[in-house]
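Here is the structure we will look at, set down as structure tokens.
Per-chain numbering from 1; labels A, B, C and D assigned in written order.
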């Protein structure tokens, strides 16, 4: 202890603390941990090391992929992140379509983007809610889930299920957009737009929340790149990267939207990115329902295989695609494909290797939260114990998605 | 026969007994705390797009809390291995006790010489400061400070409780309580000193009888005291000691059953007693009424404070411990100092 | 919220943008081939499209190639994937790498593939080159039993404590499946 | 590629603005306490009717079924299995495994499987979760154990309240 630092200007990391070491097992039965255990090594109030003991909700998707055929995998791959299931589904189908060489009609492309953006809003609201309850802000938690309910209701009308949508199939989508759903979406957008100022007053601009998030878990641009951060966490650190811009899939090359990037790299910037993305997503959805072209929602290759009587009964009257028998068990050609989509939490990568049999030889699924594990461990080092949950929440780390 | 009734009436309305046990003490306080928790859940539910307690009883689930309290009280009490069982069992009683005891010094009304049920005790509870009797369990001329002196013992027993449970989460919570108490005690004490200087007295009854509510005479002190109140009783946004997402339930982590009820009840009783004190010093207390109606007025004012402080749960998250400390020393301490200056000026120019 | 424009890249007119796109098509292969000549180790570069390329490399040269890739702007690993080929008793390990900083390279994913045999399932860890390989290498280690030498924390990640010695993602680890009929054996 | 715009959030920490933000937050809370936007339902007194295209429990039309096994082949969860029933190949379903993806319904070439809107079901044991073709052939019917009447409502998106419930006949 030589020169005393200025007590009023120093931050948490500069304080000399008499070493009092101890370990805390946060989770998996801990109210703030979710489905993982965080082994925290404390020195006073400062975390020396946080080790993530993951795997409590491991579903071994990659192993099961070896014994399931391609259609069976659609519900399986979306299970790890049911609140982001459209993206999980979409990434897998993109890889599969690359191997099969299927062209997707325009209308289906737009519908994919539509469902994905609705899902992105729902997922961001969920993430904000979880962050809020980690900070003790129970209203943010309930509001996140309450507002998400509106979008889930829209998704349910579109796909027929609340979260496990299984909406996207090879060659297209399963159900068409109807005027009723269009109207629902317009109302939902208007509702959400009205809600955002309220959110700002009670949560985002609340001095209490700002104090908890500003300068917490700061990740510089270089660190974000080195640690391989993804999605809003990466963009919160000032890196301009979004798969929707760099490798447009679905209808994104025809849509006009911005990618919010923040410079600061702290938890508050990450929350801001999410809020701005909700606004951007609503803009995208508005464009889609205005510009969506007419046409089929399934690739002609499969569409022709559906018997005309069934088409008439289901597609022409209810806008519902029924499957040709081909889907029950098909063999794509030999080959491999790698696809990436921008899921709500970040970049989602699928690597699919087909040996010509009805089952994939190898499916590799790298989810955004999986890539956040390392980021989380690094960010927690040197943080205060109370900030552990703030960092956890602001990274939007979702244990089942990481475990797969 | 009449004599016995008269005797019973004398005993019941004997201020020491009446204040501590009946009103606003144990019975009224206990019921009010249950109501406050119900209100906390119900108002949070309204803000949060939910319904809240609904099924138990017909009036918005108002008996839900009673049902919950009975359920928790009847749960098995588990005493962990490796603790001192005696200490473990008695530890949660102390915080509750020391949250409640300061009420003894707090006057809740004045006794007119005639016309009130309390008039019989006019002479034995005479306060020369206000030239009237006061309804207080232990009337003293130093009640402004005496209440705080007893209340200051509260955090020590929280630490004892955590120590007795031998749990790391509890210990971290206890350390936070220790740090926090350093911050809020200073604030509360300074705002009270400001008031004392302004009113030239250490007697709550005299402050009230002056007829000027503290919040008018010294709004800064009232604000600082209110923040200190929230901090001292672990209400949001200073619910740092029990921080659920970090520390499970802080010092109460290991407790179950009736002991859990006791361990958690302390902070609500603390809020209640502090609110009574706040209502007396800063909100004009019972003035201009006297006797029992005055006490009811005081109680209602305190109720508003308690309900507002539990309502804050639906607006705020919790601060970090270092932020709470820094804010209290950096932002509120200057305000508290200003309130003392204001107190001196006000006491010099206005209140004689 | 103040939105301050900062670090604007020069706005290119439509025509120039198209030219840039054509140039970009070749830029990946040009960059990779440049790297190959500079490296002076046997590598097999295959550019499949403007967005995908594969580099096959012997495991002894893996680290050198990774360094070279890093130096031309590939700054993170997306996935570390191992594939088991029981017929040849080899594992193939794939690193999918890309870039965040270089906007041209960000549009591409380069697969760095190498092979290890069952007999000596060790690879040099690429953690010193790309920190982001940390999770993927740990998972590949526990699922396939491939050791990454030089990895700072090579322990099991997802599996239970009692999974010692069994590598579930190898093809020799069978998953039971059921038939279509409940009353006839599959 | 658009222009890269790097934003910064407002870092103003003026104590008076902080105080103003506190007041705004508390005011917002009070506003919602006075005029709540409740969206939860008082289930089971009030129960929600699901939209017509909802993928609920599945019902088999035994007479229509041709026993082609496509449903069992496409079932991702091994819930749908074929069985020999009265000399005919018919599907049976195990609701303990069903994930309600609706693939079987969509793939059935003769529409022998249909989705119902029934969603809330309770069973006494796991054995009951397996529906043999006869049980599968009936509409799943289960009355909710509530005293009095259950009010049926339908969710409607509302611009001000998010979700509004209107009575459903």
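Throughout what follows, a contact is a pair of C-beta atoms (placed from the backbone, for glycine too) under 8 Å apart; a residue touches a chain by one contact, two chains touch by 3 or more.
No experiment lies behind these values; they were computed from the predicted model shown.
Chemist: What's the minimum number of touch steps needed to get from subunit B to subunit C?
Modeler: The least step count works out to 2.
Chemist: Between B-D and A-C, name the chain pair that shares the greater number of C-beta pairs in contact.
Modeler: Spelling it out, more C-beta pairs touch across A-C than across the other pair.
Chemist: From the Cα centroids, identify the chain that ends up most central relative to all protein Cα atoms.
Modeler: A
Chemist: Averaging only over C-alpha atoms, locate the centres of subunit B and subunit D and give their separation in whole Å.
Modeler: Between these chains, centre-to-centre, one finds 47 Å.
Chemist: Measure off the straight-line distance from the CA centroid of subunit A to the CA centroid of subunit D, and report it in whole Å.
Modeler: 21
Chemist: Which whole number of Å gives the spacing of the CA centres of subunit A and subunit B?
Modeler: Centre separation, subunit A to subunit B: 46 Å.
Chemist: Taking each residue of subunit D in turn, which ones touch at least two of the other chains?
Modeler: Subunit D, residues with two or more chain partners: 1, 4-9, 25, 28-29, 32, 37, 39, 73, 162.
Chemist: What are the residue numbers in subunit C that touch two or more other chains?
Modeler: Answer for subunit C, listing residues that touch two or more other chains: 1, 6, 103.
Chemist: By the touch rule stated above, which residues of subunit A touch at least two different other chains?
Modeler: 139, 146, 202, 206, 208, 240, 263, 272
Chemist: Taking the top-of-page definition of touch, could you list the pairs of chains it picks out?
Modeler: A-B, A-C, A-D, B-D, C-D
Chemist: Could you list, by residue number, the parts of subunit A that touch subunit B in their complex?
Modeler: Per the stated touch rule, the residues are 8, 12, 22, 24, 30-32, 45, 132-143, 146, 202, 206, 208-209, 211-212, 384-389.
Chemist: Can you check the complex and tell me which residues of subunit B touch subunit A?
Modeler: Residues 44, 47-50, 168-169, 172, 236-237, 239-240, 243-246, 248, 313-323, 330.
Chemist: For subunit C, which residues are in contact with subunit D within the complex?
Modeler: 1-9, 11, 103, 178, 180-184
Chemist: With touch defined as at the start, can you tell me which subunit B residues reach subunit D in the complex?
Modeler: Counting only subunit B, the residues touching subunit D are 43, 46-51, 54, 311-312, 314-316, 331.
Chemist: Please output the residues of subunit D touching subunit B within their complex, sorted ascending.
Modeler: The touching residues are 15, 25-26, 28-30, 32-33, 36-40, 42, 162.
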